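Two complexes are shown next, each including chain A; its partner changes from chain B in the first to chain C in the second.
This part shows the complex of A and B:
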């Protein structure tokens, strides 16, 4: 009965997933928290275990996270009735603007920011990293594109005997051009489709590995609609250009020359 | 007898840096409708050059080549391409079937280019494949066919637009003796059915099967007559 009453009186805390795993704690367990090791503390009940947010800034943090009631926290660390930062939730953008203006006008020593401004500021590093990745991506794509262009030109050049035979049979230059360009476009679209498929599967593997390693829902590799559209469009344009260039060269050469006579 | 092809004093020179190769030195030849002609001679004698001129693939350096009364040497690229499509069938030594297409589709290709409606194309390609004894292989791709079968598909393709002249350049050159004999028989059958056939060959049995044999040497016709033996 005493234990039950005690349990009812215990304050609750939340801990993060990593602490729960390392300390073998579960929801409903009782723990003692104190400001420093070896000193007396408060017995608390673990009310929830919190997973990490999909936030890049969380990845590098190795400390454990515990959420407890503000008054209990202040009493434990002897900090008094003061806070450095607090968040205000508003209803809608207009309310946020007026709240920012009101706080900045009334509360001397405080500075209010919109959450978006803080997010932009704190994610500046990641924005730089993201730009760096994009630059690597563009260089890779351009290099691959040149390679693809050369391969397509060579592949079409291999068809010189087929093209010669078609021309001798009476197939017009226009028809030969059209068929080569269509074939190159089709091969490019199929190739980019296969590439997108491989990219998607790879992104799943990358995410699975790093999400497990850092215990985060953050997605490290993304295959978005924009990326798919860019890849397919670039491949299609390259295919058509390569096909047209190679076909133009072939149909302008006399069929007998193409046959090596 | 109607003259189908008339070559008059045809010369074909291939310029080199300082000199020229005289592949044909004033060749004159008439081919009448329904003829089966073999052009034979040693390598480099000019027989393939002559075939290229007879097929409107190449233009003579001098002289004229008329096919069905048209001087093909004066036609522009577009006109001569269309002329070949509708009036001349080609059979090559190496078949040159498109590997991605089935036998039927290969046969339909020249018809599609000529604007033959799809239903008619299908009917005629089936008929032609039956004619070359490949009615049951219509859906096979070239890689699924033997060399002899591929050559028969190529012959069916050459006949697709009902050409007035069928030209063949070493059509048995890539085939074994037995398969070559089948192709020779097929050419004989085609000629019996009214097709004008001109073949360039080293194959003596193919030359013997022709009704007329033209012997060439050094760019000139040295003998023109019926085959021996």
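This part shows the complex of A and C:
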């Protein structure tokens, strides 16, 4: 009965999933929280376990998060009637701008920022990783371009006997060249299509792995329309260039030479 | 002879060979970068931690050095207790705080470490004197640039600031005694070092006889496990972090980069392998007639196999050597990007060049080149002579 009365009087807190998992805590459990280790604290009831937001700035930090009632937290840490920041909701973008201007004109000892300014500041780590990914992406694109060029040159070069036969049958240089370029372009498009499929499956695996690893709903790999368009276009352009280069050399060579005679 | 024949056959299709070597070079560059990334940042961090010989750090429980504003009470007693242990060679108590350099109506905020100058392991003195006097301090170049201060100048420095009243507290006039290079701070971060007692007095009652961490150097690194056990039982409110523990935590935080380097390194190897295999296979297919004629006039199977394997190996080795130079250039570029991580110590290199990394990349690609040549070489050596000669003659 006493325990029940005590439980009814306890203040509530929420904890994040990571803390709940690591400390084996469940909703309804009682815990003691204090500002420093080894000192007396407040007994509280865990009212809810909350998921982490998709916040890039928290991704590499393995810290726990607890939400308390403001007055209780201020008392626990001896902070007085003070807060670190206020979150202010406005009615639309224009209202946000005018509110920031008005607050900064009248403020004494604090400053107002728009949310996106804070987001830019706190996601600097992610911005660095993003720049690193772009640089790695450029190197990968150059490597795949050389690989593709090499393979397509070989593919067209393999057709030297067919080209010789077509030329001996009276097919024009232009038609032969067009057919070779078309074939190279087709191979490029099919190859890049398969590549997009592999990339999409890989992105699913990457998201599944890292979302579980960092316990976050953030998506780490995205296959967007722009990326698909870029990959297919690059592959197509390289295919056409490689096909045209190799085909031009083939149609300029005498058919009998191509046949080795 | 075999090598000459292999090189001659590569020269026959120069454009193709050049493209293949270029492809292998890019794959090798990527592979080298990824090997450097996977081992470099770890080694760089280890070198940084051990740069002043301190093998252990004691921090408030549940925190990393300067990760939070948590501090350790009773610093003097703990320091004395640690120094009394025969295994311990040196103890450096460190207090970290933000301080404000007052300049008329404005101020410049900087990070300050309170240290015992005779035992500190946070900075290296570059010029001037150390901050041994109670009213002196040393600063890094970024601080000197931001404040236009010179050695010998006296600056008014405050430890606290009330944003509502816009007043400073814990103000002192301190003399700039020397210029120092701080080992664990991020690039561009303003920093000064003040005698510990002075900083504790400036920060007031809240930090009286408190420190942020202790750095401990043992006489014999082999005693780390024993000392760690003792510290854990004697100082339960603290985390004892040895270099190995710190490395494990860094490994955990930077596991993403290790996984990325493993994946991209493997992809580079596969691309290099496929490129060489395709090229050697096509080259062999084009020379089937030539190969069977060689076999028919008495050239041994082993000779044919060796010549073809040499072709693949020559392409791989040339590409790998070119790629090593290319990889070092791209590594510098990538390192410059990652060094902008907020809060990362300037001394940390993600891409640390170690000869072992270069040898690993060259060795792996050479092995790939040998393996890439094996299948087409086996196919060429196993051709039935009579039938192939007849087919080639008809063709």
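Everything below uses one rule, namely that the second predicted complex is superposed on the first by the 247 of 261 C-alpha atoms of A that agree within 3 Å, B and C clash if a C-alpha of one lies under 4 Å from a C-alpha of the other, contacts with A are read in each partner's own complex, and residues count from 1 in each chain.
As a working rule, contacts are C-beta pairs under 8 Å (C-beta built on N, C-alpha and C of every residue); 3 or more make two chains touch, one makes a residue touch a chain.
Being a predicted model, the structure only gives us computed values, none of them experimental.
Steric overlap between chain B and chain C is absent once the structures are superposed on chain A; the two fit side by side. Once chain A of one complex is fitted onto chain A of the other, the partner contacts of A:88 are absent, as it touches neither chain B nor chain C.
Of the two partner chains placed around the shared chain by superposition, neither chain B nor chain C is touched by A:198. Contacts of A:175 after superposition on the shared chain: chain B is touched, whereas chain C is not.
When the two complexes are overlaid on their common chain A, residue A:190 makes contact with neither chain B nor chain C. Superposition on the shared chain A places chain B and chain C such that, viewed from the Cα centre of chain A, they span 100 degrees in steps of 10.
Counting residues of chain A touched by each partner, chain B versus chain C, the larger count belongs to C. When the two complexes are overlaid on their common chain A, residue A:165 makes contact with chain B while staying clear of chain C. When both complexes are overlaid on chain A, the residue A:139 reaches chain C alone and has no touch with chain B. In the superposed pair of complexes, A:125 makes contact with chain C only, with no contact to chain B. Put simply, chain B and chain C get as close as 5 Å, counting only Cα atoms, in the superposed view. Judged by the document's definition of touching, no chain A residue lies at the interface with chain B and also at the interface with chain C. If you check the complex, the residues on chain B that touch chain A are 48, 52, 55, 57-58, 77-78, 81-86, 88, 90, 92, 94, 96, 98, 109-110, 113-114, 157-158, 161. By the touch criterion stated above, chain A contacts chain C in their complex at residues 36-38, 60, 62, 108-110, 124-125, 128, 131-132, 135-136, 139-140, 142-144, 146-147, 149-151, 153-154, 157-158, 210, 213. Touching chain A in their complex are the following residues of chain C: 15-16, 19-20, 22-23, 26-27, 29-30, 60-62, 70, 162-166, 237, 252-253, 255-256, 264, 268, 271, 274-275, 278-279, 282, 330, 333-334, 337-338, 340-342. Residues 161-162, 164-173, 175, 255-256, 261 of chain A touch chain B in their complex.
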